[in-house]
Structures are given as C-alpha cells and as structure tokens.
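One chain, chain A, appears in both complexes that follow, with chain B as partner in the first and chain C in the second.
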Partner chain A sequence: MIAVELVKLFRRPRTWVTIALLNALPVLVAVLLALTDLGPRPGEGPAFLSAVLTNGNLYPLAALAIVLPLFLPIAVAVVAGDSVAGEAQGGTLRYLLARPAGRTRLLVAKLVAAFVFVLVAVVVVAAVGYVTGSVLFGVAPTGTTTFSGTTLSSQQIVVRTLLAIGYVTFSMLGVAAFALFFSTLTDSPLGATLGALAVLITSSLLFTLDAASSIAPYLPTRYWLSYVDLFRDPILWRDIVRGVGLQAVYLVVLLGASWANFTTKDVTS
Partner chain B sequence: MPLLRPRSALRWSLVGLLVLLLAALPSLVGRLPAADADRSAADLRAAVLASGDVAFSGYAQSAGGLTLPLTDTFTGIADLFSDRATMRTWYRSAQDWRTDVVTATGETGTHRDATGTWTWQYEDDEATRARVFPLSLPIAPDLLPSDLGRRLLSQAADDELTRTGAERIAGRDALGLRLVPADVASSVSHVDLWVDAATGVTLRVEVFGGDASAVGVVTGEPALSTGFLDVDFTEPAASVTAFTPPPGADVETDEGLPVLDGGRTPDQSPLPAELAGLPRQDVEGVERSVGVYGRGITQLVVVPIPGRFADRLRGQLDVAPGAVLDDLGVRLSAGPLGLMIATGPRGATYLLAGTVTSETLASVAGQLPTTGGRG
Partner chain C sequence: MTGALTTTGTPGAAPPVRRSATTVIGTSNLRKRYGAVHAVDGIDLDVRAGDVYGFLGANGSGKTTTVRMLLGLVLATEGEIELLGEPMPRAGRRVLPRVGALIENPAHYGHLSGRVNLTLLDAAGPGGDRRTRADRVSAVLEQVGLGAVGRRPVKAYSLGMRQRLGLAGALLRRPELLVLDEPTNGLDPQGIHEIRDLLLELNRTGTTVFLSSHLLAEVEQLCTRVGVLDRGRLVLQDELATLTAPTGATLVQTPRPDLVHRVLGGRVLRVDGERVVVHGADPAEVNAALVGAGVPVTGLELERPSLEEVVLAAASSSADRVDGAAGRGAGR
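Here is the complex of A and B:
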C-alpha cells in the first residue's frame, strides 16, 4: 500500500510543479546575486547568503534558509493536507477503506508518502542549490569561515551540510504531522492545509513576543533555524537537540491523534 | 447515543494520556527540589571570590530592561542593557577564556589570552586586537553570572549579605545569597545571587533597582538578570579558547575609548578625593583626570569630556523621557543606572555614570571642580 501511495504521489504533475516552484525563488536569488555581485552583509538576510558570493558550496544552505520560513512549510502542508481529506473530497476514501488493508495501514501509507515528499523536496532544494551555487559562484579553494571565525575544509562543509539537510527534513515532518492530523478531521484538503499553516503562523508570531517567552520552547517553529548552529565552532548542539526532541513530541502526539480519529470516524465519502 | 463509542473513547484516552504526560514532564523536572546547605552568607561570598580558578563551559542568557537613550553614541551599551543576549562561554582561567554572543545569523566572540583580547565579529568579518584596559565600557562577557557575581561581591561587607534558600539552576544545586547595599547613595535596592554549592561559581544574578520612578523599573522585576541555562565543570580545551584571525578577515587594533582616557582635556582641575560622600578609588592605570568613586555595587565614574562630544550626549539625554534638566546639567535614571552630563560654572563638562541615585548625581555635580588653566 505504501508503494501504491508513493507512485500515486510522484505521478501527479502537481507534486513536481510544487517542487519546481519551491526551487524558483532560490534560483532567482542566485541569478540576481551573480548578476549584481551585491550580497547582504554577514548576519543580514537569510543565513549563509552573505557567504555564497565567495563560496558556492554554501548555496544549498542559503537555499534552505530562503524557503524554510514560508515556501517549504506551505508545500509540505499542501501535500500532507491532501492525504486523507483529498480522498474524502474526491469520494474515493470509502473505496480505499473497502479493501481489507485496514485504516491504520492506509494512514501509515499516507504518512510515509508525506514524509518521502518532505525528504525529496528538501534534497531537491539542496541539490539545485548546490548546482546553482557551484555554477554561478564557484567553489572556494580555501574552505569557508564559520560564524566563530575558524575555517572549515570542504569535507567538513559536506558533512555539516548533510546534517543540516537531515535536520530541516525532520523539522518539516512536524508540519506534515499537523497537516495530516487536520486532514483526518475534515473532508476539505484546503481546510487541512490552512489549519496547518494557521498553527505555524501563530507559532512564528508568538515566538517574536517577549510576553510569550515562557511558551516559546514548545512552539513548533521555535528551533527550525537552529541548523545554522552546525556552522559554529564548536557546534552548538543545544537547540538542535531540543529541535529534534520537540518535533519528535509533536510527531508522536499528532500521529497518535490522527490514528485515534481516523480509525474510529464515520467515513461517508 | 453516547458522544464517543467505547473503542473511540479508549483511543482518544490513550492520546490524551500521552499529551498529559509529555506536557507535565518539563514542569516535573523543573520542580525537582534543590538541596540546601548549612553555609553562611560570608562563607558563600568567600567561595564566590575564590571561584576564579574554576574551569567550566556554559550557555547563558542575560536580559536587561534598561532603556538607555544613547543609541547614537554608545550603541553597544544601549543594546547590552535593553536586550536579551545569548552567550556561550569556555573558561580555563582569568587570562584564558572565550565568550561568544550568539545570534540567529552570526556571533561576536571575545577571546582572552595572557596579553589581551581578540574580538571576532562575524557580521563585519573583522578581528580586533586589544590590550587589557584598566577601565573600559561594559561588554556582553561582563554580564556572565560567573564574572558579574564575583565583581558584585568583591567589595561587599558581611552585614550586607543574607542567605535566601536554594534553587535548581542549570541542573545544579544553587545556594541563594542576597546583597542589600548599605550605602544610601546606591540606586540598587538589592541583588539576588545563586551560587553553585560545589564550586562557588555564580549561576544566576538578578539586580533590582531601588527608585520606582526611574525609567524601566517594574516593581518586583529585576532591572537586569543573567543566568546559566547549561553549565559543565569539565576544563575546556585550550584550542577552543585560542583564536587566530581567519584568512581574508579585516584585522584591527582597539586603542580604547578616548572618552575614558580623560576626554583629552589635560587642563581640567583634578577631581577631589571624595564626592557626595563617595570615596575615590585608586584604580591602577586609569588617567588621573578620570575618577572612580564608591564601593562594591555602588559605583560612579566621573569623566571630563570635550564639548562637542558632550553636546551630542546632552542632545540625546535632553529628549529622553524622565530626564531632569536644571542648572547642573541633564540627568536620567534608567533602572538602577544613573547618567548625567554635568556642566561646571566655567563650561567644563563631565559625564557621570554609575549605580547611584538621581539625588547623588545632582550632589556630585555641585561639587565638581571648574576648569583649570585656560578656563
């Protein structure tokens, strides 16, 4: 059933259109930077963007920083929000459940498909970023400078970039879990997507308020950008570990709620 | 018809139980009781003062609520006392440490060695070498609880200290200590410190302002708080605290702040041995034209400053909410921090800054010497 869901997901043109659109902005930014040679100062603009003019190796990270706050969560919420609600809206959910596979297996298949989409989307953004960065900015022969003023070799950059890709992917699984949960509550994919985005916008807004500082450690978006801590020396693991832990909690709770709801609800469409 | 069928109710109960457990976990961990110890305030103070040799690394946050109207001239200080700063620190000894102020997209690191400091600013791609100045403006590493605690207690008298129970801080048992300055000139009502029971390193400091009418003072809230969130008493490696400027970075030399060098007004009359009851301290290496007055937490720095610089500062203080303008100059209390541009009878101008009350600032301004030779 998982294979069926994966084939269905990646045969849909809109899946690839979504991934293509996701890459449009980082590519546009790279072209503009290359044409004008006007990068932001270090510490300004999306993380790592200031450094890419001298080292295209870092563009995968800059590309992730560009799409992470808005476009990537939207893409993930659209796909995951469609998982169950899309079938219900299309009138196919009843037929899917008529098979002996059972609701839990269907939910797991939908879940895996959404997670694979997250991984593919993040890896494609990073890969397109790498190609774009290498072609437009070249690769620095002397390595790159960390936030702390030390120099990383090319090998160290590769390892830390892979860790960053893994972290961003895991962070996005939380978004997928929210959207999937809402998808089991409603027959409207748009409603499920907007529900997940509403949670993320609320979280991002609260994070900027001092008055909400007591609940900040529990906000789902709190640690999203902590992957930049991989580029300090020594690596600052504190927020990265907390980010992984927090997303794991959201995953367990939301997937549990999705299971509790989906396996007991009345399916009429 | 029941609201939930039995199977549905069971599954939702399981989810609800899981949520309750996960939600309660941080609160339960936070309520772990701290072990108090039968140690006197004087004993604890001695432990803090002896903690300069304790090696550790940590992660700390400071938060200030002081709105200083000095954004044009002393931007760093204004930000330091009004913002939240997140710091990582590695401490091997008083002459071998590193503290980074980390932000979402960069960091500023201060590396101390035997002869001075390197300051690395990622945002400017700049490394700055500086010698150790006898008197300098405060920077973020000065707000680390370990350093601030030692400084605040260095001249405290035993009768100014009391014990205040214990708390769990950064996973350690921390013993409470309260400092209430005896000096009536002090603008600080009290300071609460929590000291690691095993090592004497200060883990948290909260400074409370005494004048409720001062700008930024919220009753019951600290004007400045700083504390460790994580701390590890394993000695950090020497390679972590060392610094070499990266290739391609700008390398600068810091010559110190001219305003703390006597303001280049060598014709100023010497400052007296006492101002408004505050005795002058003998700080080695400081220009004679700069005066450091007071004791312990009650400190006042008196610096003669050149007219143009004074005009810029006065321009900012004049329009600040809560500023007092009179014949003596303009003064402002931001939490426990007092600032004044004092004008002498013959045009001499002084910057007064410290943890003293507004009345003390006025009293000091009235006792400042006039200009000397050229007038």
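Here is the complex of A and C:
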C-alpha cells in the first residue's frame, strides 16, 4: 500500500514541478548575491545569508531558511492536503476503499508518502543549495564560523547540517498533519491546503503580536527557525528540544483526529 | 409474489438476516438516515447465488446509498448486511477482495495509463496475487475490449473507454459477486450489447451480478430477479418471470374491435384502438371463436405486463420531484 502511494506521488508530474519551483528562489538569490556581492548585514535578512558570501558551505542552510517561511509549507500543504481529499474529488477513494485498501492502512500510507515527500523536498533543497553555494561562493578552507564566533570543522558542519535537515523535516510534518487532517474533513483538496495554510498564517501572525505572547510557546510555527541554534557553540538545545516536543504533540493530536474522523466517515464522494 | 412485501420494520432491534444457503447479498432492516432524511428506510435485500439481480429505482430512491453500504463505504444507521455469508463492514477485508464493484462513474488516475491504474488498484488491497498481476491485468483489458490501448494516459480515453476500464477493474480478481452501478453509462449501442454479452457470459460461469440501474429495458433483458426501491423502501422483490407472468388475458389485434365486442360480449376487458384485451389465457381458443364468427384478426398474444408497468404500479412518482407537501425528501 505504501509502495502504491509512493508510485502515485512520484509518477505525478506535479510533484516534481513543485520540487523544482521550490529550488528556484534559493538559486535566484544565490545568483544575485554572487553577481552583486551585496550580502545582507549580519542579523538581517534570512538566516545564514550574510555568512554565505565567505563560505558556500552554509548555503544549504540559507536555502532552507529562504523557503521555510512560505514556499516549503505551501508545497507540503498542497501534497498532504491533496492526499485524501484529492482521491475523494477524483472518485478514486471509493474504489480504493472498496478494493479494500483499509481506511487505517490508507491513512498511514498517505502519511508515509507525505513524509517521504517532505524529506525529498528538504534534502533536494539542501543538496541544490550545497551545489549552488560551492559553485558560486566557493568553500572556505579555514572552516566555518558559528554565530558564537568559534570555528567548526567541515565534519561538524556536515553533522549539524544533517541535524538541521532532520529538524526542518520534522517541523514540516506538523504542516503535513494539519493538511492531512483537513483532507479527511473535506472532499476539496484546495480547501484542505488552504485550511492548513490559514493555520500557519494565523500562527505566524500571532507570534508577532505582543498581546498573544502567553500562547506563543504553543504556536505551531514558534520554533521553526530554531535550527539556527544548531550553529551556535555549544549548540543551544533548549528551543530545538521544545520545537520537537511541540511538533510531536501536534502530530499525535492531529493524526489521531484524522484517524478518528476518516475511519468513521461516510464516503459519499 | 412471496418476496414482494413492503418491509416497514420497527426501529430498534434488527432481526438476523434471513438467508438461505445461496444468499449472496442479504440485508435485514437496513437503514440510513442523513439528519431527518431517510435515504434508506429498512430494506431486506435477498440476492441469491447465480442471480442477475436488477436493483431498480428512480433517481434519489436510495440505490447508490444502498450500494455504498453493501461495500462498506457508507456506514448504516441500523440493520445488518451480509455479503458472501460474512457480516459487513466488519469482514470487509476478507469479503471485498471477492467482490468486484463499479460504483457510479468509473474513476482513475488520469495521468497514468489504464494498465498502470489497474496494477495500482490491484496492489492497493489484499487478495491480488502479485505474481499473476500482470497477466490478470492483460486478461481483463482484453476481456473488456481494451487489449490494444497501449500506454495512453486515461485522461485521453473516451467516456466509453473509461467505463470499460472501470469494468476491467471490477473483474480483476475473478470476483464471485459483481456489484455494478449503471455499467453501460456512456457506452454506444454496440458497447452496451458487448457489455451485456460479457455479463451474461460471466453469469453463466457462476458470477452473481447485482446491477443497479434505472434503465428498465436494460434490466428486463439481463436480469433474472428484480428489486424495486422507492423512496428508501424496497417495494418489490421477486423473480422477473413471476412479475411479468401472463395476466390471464389475451391481446387481440384487429381492425374491427366492434365485432370482437359483438362476438365475445362480456369477455372483453378493455379496448384500446385496434387492441382488444379479452379474458382467457388460451389465444387459440379466442382465435377460433373470432375467426369462426368472421372477425378479422391480425395479431394475437398472451397479455403480459411489461417491467415498466410493474415498476410504475409499485413505485410512486419520481423522487426528483420536490412537491410542496411532499412528506419525505429524496435520498442521496
């Protein structure tokens, strides 16, 4: 069943177009930076971007920081929002369930497919970022400077970049869980996707609002950018741990709700 | 007409499904309510092995909801369902691989070819042997007349081709029971004829066919048993041959109905233009009497009600109508 879902996902042209578009912006930014040599000042603009001019090694992280606020969540919400509602709208859901695919199994397969998509998208963004960075900016031979001013070896950079990829993937699973939940509620994939994006926009907006500071620690987007803390010395684990914990709670609650809804609903599409 | 009781059923306890050894689809007091709407209102289906069962009803009479409940897509508000001797939807994982279904329109992934669509569908559930999959897919494509369709994506298929592909999906595992909702939708007359032959052939080799339709002519040509649904109730369920059995009257075609009246007198039941309905189930006797008296007779046959007449007599007006004082709304 999982294999079937992966075939459906990756034989679909839209999947690859989405991933390609996801990489367009970081590449464009890199080209502009390389041509003009005008980086943002440290502390301004997307994270890591001021550092990449001296070290292309950091560009995968800068690329993730560029797509993380908007493009990556949109891509994830589109794919996960489509997962059940798209089958319902196309009418294939009734044939899958009458096959019988099993409602729980189908939901798990959809979740795994969404996870694989997130992972592939994040890894491709990082890989394209690495290639772009090393070609356009070169790799600093002396090692990489952290936000704390100390220097990391290439090996440390690799390990921490992989940790960052893992963290971003996990954060995006929260988006996928929202979209999947909405996807079991409606027969319109667009509705599910927009629902998930509305949650994220609400969350980002409340995060900037002082009046909402009491609920800020529970907002799904609160710790998204905390992977930057992996590049301090020593690593500042506090927000990363909280971020993982918060996403885990959202995942469990939303997937539970999706399961409860999907396994008991009348499929009339 | 033993099976023609209208099942009103009391809400509450559903009696166990009454079944003979050959029951393939049995329901007992099956109900589905959507809010205040009773889409299916306590029906007792009895489809037996070897039947070609015509499930008739106007639009909105609850056919599709019933079909969806049989397949576990819609969960019943009340009542029991047995499919191939096992309870649904509990035993769906064991039973449904032995059932082929075409539910309303066929649906496929448009960007993939018909072959890939069938392969994915087969791989999506239990009971489809992986080793025989490619061969089975080729065989059913051949069977429904899509053998040479190649790698074209389904979005380039015509409506009739999609219908054939949907049927191919239903036949993929040589099911013991076929549940088909309007299977000839979108097909041209030749296509309809072909599919009818295919279904009859499958039925001859032991497949039970449950055919939901509102095309009476189609059902009359194909089915051995008929159930009629009207506003969520099963108002009729019987052998087609019983329903359309001779009425005991003879139909006489004559240019001189007035003469028939003079010869046979009180035996004339109705006169409709040049058609005269005469009491008596022996056309030869009627003929002898008329010709002996010099009445010209151009045609003679036993009167039988058509399926259409039977259905119209049993069912009320079309459920599409939304009349002002209509008691119960149309189901889904």
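Assume the second predicted complex is superposed on the first by the 268 of 269 C-alpha atoms of A that agree within 3 Å, B and C clash if a C-alpha of one lies under 4 Å from a C-alpha of the other, contacts with A are read in each partner's own complex, and residues count from 1 in each chain.
By our rule, a residue touches a chain if its C-beta (ideal position, glycine included) is under 8 Å from a C-beta of that chain, and two chains touch if they have at least 3 such contacts.
Only a predicted model underlies this, so the values are computations on that prediction, with no experimental measurement involved.
Participant: Determine, for the superposed arrangement built on chain A, whether chain B and chain C clash or fit.
Facilitator: These partners fit in the superposed model.
Participant: Answer with first, second, both or neither: which of chain B and chain C does A:L236 touch in the superposed model?
Facilitator: Only chain B; A:L236 stays clear of chain C.
Participant: When the two structures are overlaid on chain A, which partner does A:L96 contact: first (chain B), second (chain C), both, or neither?
Facilitator: The answer is second: A:L96 touches chain C but not chain B.
Participant: Determine, under the contact definition given at the top, whether A:V7 touches first (chain B), second (chain C), both, or neither.
Facilitator: The second partner, chain C, only.
Participant: May I ask for the angle at the C-alpha centre of chain A between those of chain B and chain C, rounded to a multiple of 10 degrees?
Facilitator: Rounded to the nearest ten degrees, it is 140.
Participant: Which chain, chain B or chain C, is in touch with more residues of chain A?
Facilitator: B
Participant: Based on the superposed arrangement, let me know which partner A:W259 touches: chain B (first), chain C (second), both, or neither?
Facilitator: first
Participant: In Å, how small is the closest CA gap from chain B to chain C once the two complexes are overlaid?
Facilitator: 6
Participant: Does any part of chain A touch chain B in one structure and chain C in the other, and if so which residues?
Facilitator: In chain A, positions 264 sit in both the chain B and chain C interfaces.
Participant: In their complex, what parts of chain A are in touch with chain B?
Facilitator: Residue list for chain A touching chain B: 41-45, 47, 142, 145, 147-151, 217, 225, 228-229, 232, 234, 236, 238, 249, 252-253, 256-257, 259-261, 263-264.
Participant: For chain B, which residues are in contact with chain A within the complex?
Facilitator: 5, 7-8, 11-12, 14-15, 18-19, 22, 26, 59, 88, 100, 102-107, 109, 120, 122-125, 127, 230, 240, 243, 245-249
Participant: Can you check the complex and tell me which residues of chain C touch chain A?
Facilitator: 68, 71-75, 92-93, 96-97, 99, 101, 103-112, 116, 120-121, 123-126, 169, 332
Participant: Where on chain A does chain C make contact in their complex?
Facilitator: Where chain A meets chain C, its residues are 1, 3-4, 7-8, 11-13, 90-92, 94-102, 264, 266-268.
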